[in-house]
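Read the structure below first, then the notes.
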């Protein structure tokens, strides 16, 4: 930037560097998505296209930032896990938070039309962002468990609630009343006994959220004029809908993490 | 959020609250806009449509956040000034930075098509963000002067450079060489003597950047069936291209600020 | 420090720089001085020697740090005001806080014997410290008013309480009960009517606390063998017990502050 | 504290909470101890009494703060290691740093007379303090290795230097010149060949510094009138001068740490 007698004001910038050696989780969350979902006719309780759009944006963020080792999304939120050793933007908090949320936001609008089939975007949505440091693998895994358990609890509730309302013709208020204080087992029971729905058969994306991981391997990059497949070693992002609370996922996907 | 044994991880969030009593400036800046401008055929050195798009986004951010008292933009950057007394998001740094940059980013894609006339957006752009506290009116004004002087210096340079290249048929390298170490007066002279361009006659938006301020007054909100204008008291954002280094702007627009 | 393969750990230090342009107030406060005062037979409610010792330590801190423009003390606490422009330790928070509190603490023990006449120090006392930024002169003055009003309120209460207990033979519990919810005027009345004490006549040090300011002028530095006084220009710390809530103090002592 | 219209200024306090789950190391270091050592005739390069005084103060700090699991001292510095789970002062940075350094400083003056045999304290010394978070056991151990290796390097240098000066009659400048760029092996050689000193025979306190750890066990607390020893379970601080770079110390003393 140009030099002038005013340049001293740059010294007022206070740049926090996130503690080295920790995992950095950046979580973004849609602002006022209750209203945003209403305005855009999101299916209740889960809109497959809307969730797919979230995944597309997260994949784009991951591709921009190879230091992201895993991402987890559900509802209007996404968590990006940056590796312990990363020196992305010298671990500057503002840079990391703002770059992730900005890329996600513009991708959201960018991919809207191709994903939300015929629905018109009424206004540009906002997301907030926060970076959190986790010093140990245990705390990182507990963080991700927290988000996936949250997904499960909310989804079971919402699935039951909207089934009661839409299939059972029960008023919102009455459904809320009946579910107050109910346990998981109760909600499973209502779904099964009253509506013949086995919660286990619900789509994995709804029950587990989406887990983005890097895959590496040979990928067909083109075919020769003769039709022979040309394969190269490539890295790409895979979308999973699996359990990440249980240790098995980590043992098979991130064995190194557990040793540290 | 749902409660579980994993919820303790929320305690790892470290929320900085920006010092009360200070002006908060949030500056956003396009990431890699050198390349972005190339890819989208931005006119050199100033693309009116691109600058207009920046202004549209900034206006949208201001409307979302009435605590922003003024905004200043030039090139691929925008600074938003939040008032000293603001308790926006309890002055939480991450919330403020992320909400501003997220809204700006999604607005940029949202308004692209209607502003950039026929140019297709190749990829979703990213912006970084930082919030900076300024404790006094003097330091705030010096901050804004810093940005406007930066605009002036860059614009005079770029205008001269591209005139030499495009009108004078001089190679990029030679133009750079000739301008190295030159003073403002030299560049004005080159423009005038060699190309008959009076730099003063360049568009104010290019020379001064854009200043967004709130206006208040009666605005026509509709017309009756009989054609009578119905006016209501309204607040709206006005785009100016004026000098904000000189004290006159502040005396006439923000007299209270100077007393504090 | 010596260089080794372990030196990377130094990068984990996170140094906060206090916002430029703000006043920095470092407040220290005795830890558990309720008990410390008991153990060392402090006179109730005010022990002149103990307060004098606090002042001595504060003067020593000021002399070590010329950037401290004023200090204010009462009870077991002291506030040091560092000027806006100071670059003491590059405004590093930890350095500033720790140096002030460390010097104060060791001075407290150092000067104990010469100040506390025959009382033996039972154990080394601890003080906590915090640095707080104040962006404007108004907030700084309000800070100091806060501390002086606190001194006044506590001292009026304590003076009345201990008079009732020690002169009136009232039990601690009964005195507390009678003073619950009482106003200043009530306490003045009790002191005057029941015990003939005019609160206004109490020592200024007790009512107002202690204000340390720099003085400058000619001071006798020695006398010649002939007994002629030799005077040099010197700077020293003066102890005042005056009102700092009212603007008059500031007008006469720090006129420049009010212009900024 | 008393309530007044000025109390709003308390909101300007910005309290950083150190990241949970990390070890917290508080390192204090004497300010200007080069001069302090000169003024108080510290023996060169190691003054046993001065080092013993440092240890006494550190023991006192540890006793005040049971969350300190280990401390390491050398020269004019001491590092205190607070356990990962500690919620001391809710992990507030300023509180932790200031309480440690304040207690250390006042203890230093308090125990001076009884430790420094006949030497008079000329002026109260100051120490700075900083708290640093270490997220993993590895980084913590590397931190401590860093300090112990620093101790070793400085002590070998200083021992050789002062031997050359005091025993060899070499000037300071010449000794410095001869040692410039020398390796450990060279210094050992000089000591051995020129002065018959085997560096390995130097006192462990000088070569390794001091390691403070908690011990637990039966301790005689009194004797009955009949002379029978009465023993109770007690916890006390033990001073060691052992190697903490090598893993053996940790395996035997802190086996749990290595599992985490």
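By letter and in written order, the chains are A, B, C and D; residue numbering begins at 1 in each of them.
Throughout what follows, a contact is a pair of C-beta atoms (placed from the backbone, for glycine too) under 8 Å apart; a residue touches a chain by one contact, two chains touch by 3 or more.
Remember, it's a predicted structure, so these values are computed and weren't measured experimentally.
Chemist: Where are there more C-beta contacts: B-D or B-C?
Modeler: B-C is joined by more C-beta pairs in contact.
Chemist: As a quick test, compute the distance in whole Å between the mean CA positions of chain B and chain C.
Modeler: Computed value for the inter-centroid distance: 47 Å.
Chemist: How far is the middle of chain B from the middle of chain D, if each middle is the mean of its Cα atoms, in Å?
Modeler: 53
Chemist: On chain A, where are the residues touching two or more other chains?
Modeler: Within chain A, the residues that touch at least two other chains are 12, 14, 16, 19-21, 133-134, 139.
Chemist: Quick one: label the inter-chain contact graph as line, ring, star, complete or other.
Modeler: complete
Chemist: Considering the complex alone, what residue numbers of chain B touch chain D?
Modeler: Residue list for chain B touching chain D: 11-12, 14, 16-17, 19-21.
Chemist: For the complex, give me every residue of chain B touching chain A.
Modeler: Touch list, chain B to chain A: 1-2, 4, 6-10, 12-16, 28, 31, 60, 64, 93-95, 97-99, 101-111, 121, 123-134, 139, 142-143, 145-146, 149-150, 153-154.
Chemist: Tell me, which parts of chain D touch chain A in their complex?
Modeler: 19-22, 133-136, 139, 260
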